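By written order: A, B, C and D. Residues from 1 in each chain.
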Amino acid sequence: MKKLIDAPSEVLADALKGVAAAHPELAVDFAARVVARATPKPGKVALISGGGSGHEPLHSGFVGPGMLDAACAGEVFTSPTPDQMLAAAQTVSTGAGALFIVKNYTGDVLNFEMAAELADAEGIAVKTVLVADDVAVEDSTWTAGRRGVGTTVLVEKIAGAAAEEGADLDAVHAVATRVAENGRSMGVALTSATLPSVGKPSFDLPEDEIEMGVGIHGEPGRTRAPLAPASEIADTLVSAILADHDFTGAPVIAMLSGLGGTPLIELYLVYGAVASLLEQRGITVARVLVGDYITSLDMAGCSLTLLRADDEMLRLWDAPVSTAALRWGA
Amino acid sequence: MTGTEDGRLTVDDLTAWMLRFDERIAAEAEHLTELDSAIGDADHGTNIARGTGAVRRRLADAPPGDAGALLKSSGMALVSTVGGASGSLYGTLFLEMAKSVGPAPELDTAVLADAFRAGVAGVVARGRAEPGDKTMVDALQPAAEALSVAAAGGRPLLESLRAAAAAAAVGRDATIPLVARKGRASYLGERSADHLDPGATSAAILVQALADARSERVG
Amino acid sequence: MKKLIDAPSEVLADALKGVAAAHPELAVDFAARVVARATPKPGKVALISGGGSGHEPLHSGFVGPGMLDAACAGEVFTSPTPDQMLAAAQTVSTGAGALFIVKNYTGDVLNFEMAAELADAEGIAVKTVLVADDVAVEDSTWTAGRRGVGTTVLVEKIAGAAAEEGADLDAVHAVATRVAENGRSMGVALTSATLPSVGKPSFDLPEDEIEMGVGIHGEPGRTRAPLAPASEIADTLVSAILADHDFTGAPVIAMLSGLGGTPLIELYLVYGAVASLLEQRGITVARVLVGDYITSLDMAGCSLTLLRADDEMLRLWDAPVSTAALRWGA
Amino acid sequence: MTGTEDGRLTVDDLTAWMLRFDERIAAEAEHLTELDSAIGDADHGTNIARGTGAVRRRLADAPPGDAGALLKSSGMALVSTVGGASGSLYGTLFLEMAKSVGPAPELDTAVLADAFRAGVAGVVARGRAEPGDKTMVDALQPAAEALSVAAAGGRPLLESLRAAAAAAAVGRDATIPLVARKGRASYLGERSADHLDPGATSAAILVQALADARSERVG
């Protein structure tokens, strides 16, 4: 394993030091592993997210005006714990309640659930939005359900804008839920990620195969497929997403995120193919992000997220945001 | 303060349990992570070892005065350090056991069996997994039942614990052919079959550690 | 080779399609391979840069208000050609002349030189700033001299702000030169990059070795060293840079850039170590960038750039910028 | 329109040169890139092949009417498609040759020798490399000298071209022990020794291609 780290067990603690050093506008609680805005905005609904580390910039890179108030960082690929989330809620909520933005993984769900109970006991009103947008997973109430992936970024941005402009907890929760319900994602891996604590790739992927529908922790996807040209891969991603939800007749927000090990030139290349496929199918892309937004350590590959937006969502999307990884209008 | 075969678990017995659990987990962490890498995300060993280490340190720093305090302290340590699905679930197991026993100085077989049942019920309530879903419940539930049966039958404590450990081991092995319906492994669908569930494996270690710790102290 | 591409020979052309699709605010000339602002600002000095592709976001990701007017994209790791640069100059210069920002590689230098001659013949006044900031290379007038790396980003930002606020060609050239003279960089590779056209890693780096002082095209560095903890690697980078230039008693702008294959969590971790080393040595970091800014395809590793700034540079650094990869205040 | 050994290069001869050059480069591209990967950035073969292909297409699309036009057109194609250090240098070589011969319909040995010398001088002026710096100059300069000597001595054209090709090959091989002082290979310092220079290798192919094309056409 070749990584820029000291001790595998200290990766998260050491990375948080760098976040603190690079971002004076953020307050890093090293004990609770919470990255929060240095100055919470009084009277504003507090947006709190979090999850396992290794998906950076998600979530800490999205803390700041117009987006999250706090992010709880778990160990690499491991959900954070309820005490972290409670500490976050206590730090950034100012009386208007808190929205928990939770990716649908058992660990995250259970820990955020315990945290909501604890916060409730402390008199902090909490609502939760669950993101479960990964079309690679068969949806079923009998299983853990769909995984939460790229739509999380869009929920954080859009709900963040709503909260910033003064919407109350119910309203913020409502728009967050609408985004979560209208976003769909699918990813593809060219290589496995390597966890610092494990030291070798989490799964074997032969030189001529890809994992279509991979999860951001390396969960297997729909199929092991032969390595294919980028335009074919783009077609598979687009087709799977469009088969799952209607994206016609509405403005669409598209995000093509790298998984960590794939260079930007390839992401733009894939996005070129995606854009022309969407155009062929009569879908109007209104806004686009191309880059690393939700990653899986050093995994090579990408994920595509499409959101069926509406005018309200577009307006909130365009509202100012000022975070480490997403910044405009401010 | 060595325990005797008087049919009760003292605070020292429970402490020995937790230390033994930590020891066994430390030894098995790599194996657990390997199991998790087959059908999960390759962190179960690391997660749980972080947690049992925290329990060990916490019990050393602030030795609890009674059984309930010990279980609660252990549960809090697990909840706040393990993370992942297993952290909240193991945490819940211990916190519900703590609630069940209250500030008791010692636990007899019946009290222990009730507490363990309450703990497992907490795990099921939180995780919404049923037996057969290929989770830690598949090891915990049979252990709870074996313990209750033994207690109801008036079996001695150590024998009861051994029965529970044996039941957990059987439950653990029974996860191999199962298709996971909860947790990360469920994403694999049919491909999750033919693998041991990591959480059921650590749960069997937990129950075995109690039997072993007790047997060593009275043995 | 596992890459998200169609044909190796079409990588650049296909990636440009994605840039055009993702960025309506940019004008992409597919024939000339020039990415320019869709609406040039009349009367402003035109800032033009360019170089081989594979270093994205450099340079096309830095085109926009407050930074570059146009970027010329060469083939992967190959300098663009004079006709591209001439086309760029003709497209974006509006009478106030053009500044060529050139990284010191023979290919870039010679092609930009030919382009300057051509532009001159067309009546466009051109000045050139050469960036040669890589301390890994022994400086000598008998060789090709130092390579141009991370300081290029800072030159583009600061000179871009000066041009945006109306400075004339001499003034823009002067501040660009001051930045180039006061910036120093060094990089480290954990793995080799793989060129699409070659299909295998450009160099062999055993699992337990790193290339200290690597260039952004995989040029060998100062030493092949054993893989070391990140904090030791940070120490080597910091020490080499500080030994080459005095960074005390002035505000410093620091950039820690990934090389393409290294995840953000590791970059923050390295920056944490860099920040504490700089603090120990009494150096004041005034501004920081951590992320992928100048990359080398899928190479794992990072490069550190430090700029000895002054108040004028800081003011220009803070000025609004609105590009794909760098955005604030606008 | 087959050429004859009349001591003059026609436009067809020059076209044949360029086609031959493209053919040889296509065959050697991988090898050239390998050489460049040892001491450069692994693109020389790709770069130069892209350029000679563009020359071939351009000559087919718009066949030039005289030698100067052909050399200029080829030079422009190289400048605008090769990129890298070698693009501007090979471009300069041809553009300076074009300037030197002007709109001549044919070139005799002396005119060719002068033109080639002018081209190489352009390369040196642009790249500021001296012989011994381990660059294409190490193959081009001896070729230019051999051609001039042969022309001054009144040697027949084909013989002169062969002498130039031989000199280029010797110059190419002489780059092996050299430490690079110009171009990307110079970053390697001492480690650049014991490798053939890729640009000198393609330059030797260029000169050899002229001799071969000519020999085939008069053949």
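Please note the rule applied: a contact is a pair of C-beta atoms (placed from the backbone, for glycine too) under 8 Å apart; a residue touches a chain by one contact, two chains touch by 3 or more.
Computed from a predicted structure; not experimentally measured.
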With chain A removed from consideration, the chain sets that still hold together: B | C, D
item	value
Intersection of contact partners for chain B and chain C	A
Remotest chain, chain D as reference, centres from CA atoms	B
Length of the line joining the C-alpha centres of chain A and chain B, rounded to whole Å	33
Separation of mean Cα positions, chain C and chain A [Å, integer]	29
Chain centre separation in whole Å, for chain D relative to chain B (CA means)	77
In chain B, residues with contacts to at least two other chains	none
Touching two or more other chains - residue numbers and ranges from chain A	76
Chain contact graph, described as a line, ring, star, complete graph or other shape	line
Touch relationships between chains, expressed as pairs	A-B, A-C, C-D
Residues on chain A engaged by chain B in the complex (per definition of touch)	52, 74-84, 105-107, 110-111, 113-114, 137-138, 142-144, 147, 195, 197-198, 202-203, 215, 217-220
Chain D residues touching chain C - in the complex, by the definition given at the top	33, 37, 41-43, 46-47, 50, 79-89, 91-92, 126-127, 180-184, 186-189, 191
Of all residues in chain C, those that touch chain A in their complex	2-7, 11-12, 14-23, 53-54, 56-57, 61, 76, 190-191, 207, 210, 227, 229-231, 233, 260-273, 275-276, 285, 288, 290-292, 295, 297-298, 300-302, 322, 325, 327-330
